[in-house]
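The following blocks contain the structures, represented as structure tokens.
Here come two complexes built around chain A, the first alongside chain B, the second alongside chain C.
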Partner chain A sequence: MVRRLIRASLLVPLIVMLTGCWDRNELNDLALVTALALDVGEDNQIDTTIQFLLPRSQSGVGGTGGGGGGSGTSRDTAVRHAQGSNIADALSKLQRRLPRKLFWGQCKIFIFGQGVAKKGVQESVDFLTRHPQPRERSYVFVSDGRAADTLELFPPLERSSAEVLRELSDMNIGFKLTLEQLSIKLISDSKAFAIPYIHILQKSKSAEPQQTIPYIYGTAIMKGDRMIGAMSEKVMRGMMWINNEVGEYTVSFGMKGSSDGLISLKPITAKIKLVPSISGDKWKMKVKAHVEGDMVQNETAYNPAQPTVLVEMDKAFEEAVRKRIELCLNQAQHQFNADIFDFAGVYHRKFPKLWEREKQNWDQRFPQVEVETEITAHIARSGLILAPGGMPKEEVME
Partner chain B sequence: MRTRYYSKVSASRSPRTRREMSEQEKQPLDLALTVNLERLQTVYTSCSDFIVRKFAIGGQMEAAVIYIDGMSDTNGIDKYVIAPLMNAEDAEGANLSQLAEKRIGVSDKRIVSTLGDCIGAISNGLPVLLRDQEAIGLACGLIKWEQRSIEEPAAESAIRGPREGFTETLRVNTSLLRRIIKSPLMKLETITLGEYTQTKVTIAYIEGLASASLLQEVRSRLGRIEIDGILESGYIEEMIEDTPRSPFPQLLSTERPDVVCASLLEGRAAILTEGSPYALIAPISLFTLLQSPEDYYQRFWVSTVIRWLRYFFAIMSLLLPSLYVAVLTYHQEMVPGSLLSSMATAREPVPFPALIEALMMEVTFEALREAGLRLPKQVGAAVSIVGALVIGQAAVQAGLVSAPMVIVVAITGIASFMIPRYITGIAIRMLRFPLIILAGTFGLLGIMMGIIAIVLHLCALKSFGMPFLHTIATPKFREMKDILIRAPWWALDTRPQLYDDQPVSHRQPVKQATGSGQEGES
Partner chain C sequence: MQDKDTILPIQLSFMLYPTVMATGFLVLPALGSLYAPYDFWMSSILTMIPGAITIVLATSLHARFPGLTIIESGQRIVGKVFGKLVGLLYFFYFLHFTGVISREYAEFVKSSFLFDTPMLFVSCSLLVLAACAVRGGVNVLSKSAVIFAILSSLPLLFLLLLIPDLNWTYMLPMLSQGVVPVLKAAAVPQGWVSELFLMTFFLPYVKDQKKAKQSSYAALGVIGISMMLINLVVLMLLGPDTSNKMYPVLVAFRYMSVGGFFENLEALLLAMWVLGNLVKQSVCLYATVITFSQCFGVSDFRSFAFPIAILAAVFGLWDLPNIAALHTLIQKVSVFETPLFTIVIPLLLLLIAWMTGRRGTNQGGVNG
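The block that comes next holds the complex of A and B.
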């Protein structure tokens, strides 16, 4: 018994030695990639740029050093780039220029430069979803101009520009898209979708040259896997209404009759339902929306405590929502002819057999779809005060 | 298998002396006092503390009092044995027991008739009175030796609860039990173990609550022990455990009489050892080791929360360093980004791999703990200063270890101290090391393998025939109320069913004495 135990215990250290920790990656040997930017390089090659964290302590490990001076802005990230015939090739070349192993497990941002987006993103998505390390839930963006430029920024808040983009997306204010959603949308019925479109914010006067952030400006409209245009933020909102993605943002609208002054509502809850119907050759889509909001500012002279006034206000609210939705619909249908709302999927689900026959004609069909909006809007709460604040009683219109 | 193991042990000692001794000890006492004294003298040759006081009863009959200096009450011997016998005038013709009845003012006295009995009595501090022309002796209960007074248990202090702890004296310890459980159904069986030490060992149980098979097993296992000496109950523990090679203790050692009594009331048996303030309790489960006596004295929901906190930290003390190593060397994507970046920053100047760093720090911590334990109290403070400053502060500043590692080690240390049984805490802490190595070589997969191995071992483990994972591995929902939670006392209405063949026994119905009655009257 004892002998057997001794023999068995001799085997244990052998197991440890044999494996040799082949999969081991010491944290000190990893370059923690925060973002990857893809641009078109020379000779139609692909230019990959990575932003990685510099594991340098802000407080200073070696005690108090010589004191700041130098560049002023603390730089927690660095950027490096390489070109190749495709992403895999470019990244392997990039690895040769980096003493630490690229680690994608923490990379939450992928940015396509406008050039790449216009050429098509499908090949890139293949690499990113095939590789085991990049996360499917990281966010995807298209940048205005070169994507690498957005990584060369050193934001005054947050450690890196990648972190800024992630936080902005997480706040649910703007539109966001993950790699997983992108790979699903690429094969969807509509063959069109939107990707958040980022701009570089103009730096404030006192800031250092690169001390600014990228922000979500609107959406890039993709058809197939190519970018065909961009929508401004205001139009993007209409798409978010239809897609039921409205988060925390403020709607401002004017009242009929009083030309001066707006009413602002926030936050908005919306329930949207798309009801498709086909009569003969006419395809119709009814957008049913039920929206609610809380009043945060009232510049008009109307008192929302008055039921009759409130009904008027609700109507104005309704009109404002309708305008936004229709503006977006109009652009998508007639300017871009891109079904970014996935009406195709709705028709497919409702009329599966008919869809099989008609799907190749969707490109011609989509601009002709008659969209009807049916909106019920309601101001749920008026905030802490009723009558317009700071206005003498006589001036308030009941 | 166990019997063979012990018989091997006894065979390896020189058996000759032992047989001779026992032959001699079985001899009855001789009629002649001189012969008896001579025999005792030869047994106790070169024992400078062996004292024979010869005198004459009533001035005629020769007699002697034999005792060991320092173990018997010499004052008492002079006053209640020698003086009245010397002055006895009616001593002629009366035999020893008659004399004892009339003249000896001692409450505890018993007749000894063989040489062995004689030696046993003398060695235990009972002075023996021998008289010429009589083949029996009289052992008087005049034991008196120096002993420690009852103090607060050092290793198991409680905020609320009795402050008495066991001492080294068996008799005091049994009296502490008897003071709590006054029913004569609490039985105290005493046997003697240890060839040379002749240590008294008492099995305590409550008749009717402890199962007969358990008692039989305890008796037979104790009876099989053959050993030179027993200096502490730890000797016995190791000899009677079901799986002596396991890192987990299968008997609960405690120095609190209230813990022993609570266990007796649950139908367990306790083993008390002369010379040791630690009583052993069997059978126990893993959860017994994680329960503190205070759980039952505090408000029940407080106890429940603390119990869960303890479970959580017990797991932490086992797994935290290995999880840290595994995540840092294999699974960096599992750490939230901002946390990983600050970890990477902290680890940047460290020249060692995480595995080496963890092992280094854990070994240092164990060394510090052990050093602090063995040192005198005044020096103990110095150790903690060295530990806190040198290991904690300086090592981080010098860039030898990272600050997160120090935090992990500190949390692990505190977590292991949360386990109410110190010994169990150590067992769990020792298991940490193989887990760290597994984590450093196989990552989370290795930790999982380690956990599976530990759980399998726990499943196989038994304490006096009771599964060590009792009530969890063999689900008994009735008993979960004292494992998952600490149900209030009125809801703890059944005793734990320790063995499957035992019937479910209900406690005396506990009625809540609060509320309704008074309300009805007012």
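The block that comes next holds the complex of A and C.
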């Protein structure tokens, strides 16, 4: 019995080990990083800026429940920056200016400043994917201007500007890119891709100086690992159509013959198929799209309940989709010569042998690819009313 | 072998599954992707073949020499001197093997989770547990394996949570370079699957040999399915980036996100890693200890569990100066080393026994 007790007491020291050995971390020794911004610093150095969460009790509004006045923005985050010859160097310098240990487990946003994006992101991606702490599912963005500026905003809603960007990405309105996807795209066949581009929203009149948010507007066009330009929101939509990423999004278009108003559809569902073909030296790509949408607004005088009218509307819808796709294709092929649709991958999958021989010529080949669009578009439902709402019967065009 | 312990056939398969899967599954897709970036998932089917061969070899050796492990039957087949030499070879191989897996275990824990903890501490803490299990004998081993194998393999099903993030086009173009790359991709995992040969040390304890064979095949089948699942999910998630990842399965677990709050599942991966490795290390350590005691004719193997565990920890440190050496060992050396001990030597022994017509049991005959 005594022997047993002695033996059992030998287990007690094990409890000491359960605390995580040498790697014990206390929450109040950690600085929870929410976002990392990378900019070009002085002397071609890299300037890293982190945004980290302030513990509730220190942010000033802690205990006061509900009510409260509009005096002073509640600040849940702070930023700090440091420069270095690369990210690892800069972050180690940054750590010297921060009394708590940087913790990356909650960091879901990485923002490249335009300057860094133009110099190339590959070295940064190496750090972010090699270091064991940053998460592969974090979202990456390129910012218009300095990336650090987007972190020094204090949004009226949400705790931090990083959280705003994450929520906006999760809503599926624009497109999003995770760190792992970026890492894959950098070695993809097409050697070109798009990264969501963020701007700072102009603040409303009553808001305080920094009380606004960053938001996603268009895309940065990357070739190799460098940014070569940006696409506007409208053109970006065309890319999302081709890449089959149309999410929560409203399409508005006019009818032929009636200049006075638009028809808007939401939500839109689309099925896109890319059919590549090669005949001789001509490379062709057929974009087959099957699109459906529900009407949410009808500014024209036409009555969508009439089958003949609806056919006309479908045609206009089809034309609208085609225009968007062609606008984007045109820019990508002729202005940027950047295969952001990964047509290269489509050819590679369909003609693997030929692709091995031709892949080094893709840069010259891509602008010459003949793209044909084959679109079938339908307005599936017309909402809760039939004829245009609030319009006297005699004015409705059947 | 004076134990009166017995193992149920089902317990045998629960011991064999982690013995093959526990360390390898973490790097499996990266190794295949080096050779066949789009097709490596097919290699999982090919790896079943050497697995089936080792099962046949182990069971037919045991059928000729019932109640004997390969070390004992080797001494009956090629004589005492040569038999002991072969046994010594096996001892060094198993010792080295146990060392390597404990290094692999510690390397992953240190590089991804416990950055500041000394590696020796990580590897030794599990080896001590494994040595305790070995001291407990076959009964303890087999019963703990059932619990730990289930706990350590269930998290694999969590990979299915990644389905919304998968891109099936990464599987195309299929077989564009022919089947040779797929064969190359199967080279490394076939070595792991042939580790099933370790069953030779447990067959003497199983009463129903026919069922033992069946449950080994069942283990092999589940291993094949698990490998296929891991390969497919990782391929469709990481695509061409797979080969550049140190631990692709870790990336997959980190990538999981369900509803925005069910995240950071790598802790689960660490849990299954520890449990699976505990079973694997105790099975391998057991094989090492038994080989040692049978080779030198010591009747009580238990007292060697701890000394040999210490030796294994040392082997793990000294064999491999850095992670690049570990990679070379896994990719280039073990491809040939493992099948040498699990297929070639047993096959030779079996052939010699068949030609000379030797048979035997542990009752009577030469004293092992």
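Note that in this section the second predicted complex is superposed on the first by the 371 of 398 C-alpha atoms of A that agree within 3 Å, B and C clash if a C-alpha of one lies under 4 Å from a C-alpha of the other, contacts with A are read in each partner's own complex, and residues count from 1 in each chain.
The working rule: contacts are C-beta pairs under 8 Å (C-beta built on N, C-alpha and C of every residue); 3 or more make two chains touch, one makes a residue touch a chain.
Computed from a predicted model, the values in this text were never measured in an experiment.
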item	value
Chain B versus chain C as contact partner of A:353, first or second or both or neither	second
Partner chain in contact with A:170 - chain B first, chain C second, else both or neither	second
Touching partner for A:159 - first (chain B), second (chain C), both, neither	first
Chain B versus chain C as contact partner of A:55, first or second or both or neither	first
Chain B versus chain C, judged by how many residues of chain A each one touches	B
First, second, both or neither for A:183, with chain B first and chain C second	second
Contacts of A:23 with chain B and chain C, given as first, second, both or neither	both
Touching partner for A:345 - first (chain B), second (chain C), both, neither	second
First (chain B), second (chain C), both or neither touched by A:135	both
Partner chain in contact with A:32 - chain B first, chain C second, else both or neither	first
On chain A, the residue positions that both chain B and chain C contact, one per complex	21, 23, 105, 135
Chain A-touching residues of chain C, taken from the complex the two chains share	111-118, 121, 125, 169, 172-173, 176, 237-241, 251, 254-255, 257, 260, 263-264
Residues of chain A touching chain C in the complex	17, 20-23, 105, 132, 135-137, 170, 178, 180, 183-184, 187-188, 345, 348-350, 352-353
Chain A-touching residues of chain B, taken from the complex the two chains share	245, 328-330, 332-334, 337-338, 340-341, 343-350, 353-354, 397, 399, 437, 440-443
Interface residues, chain A side, partner chain B - complex	5, 15-16, 19, 21, 23-28, 30, 32, 34, 53, 55-57, 61, 63, 76, 103, 105-106, 108, 133, 135, 159, 163
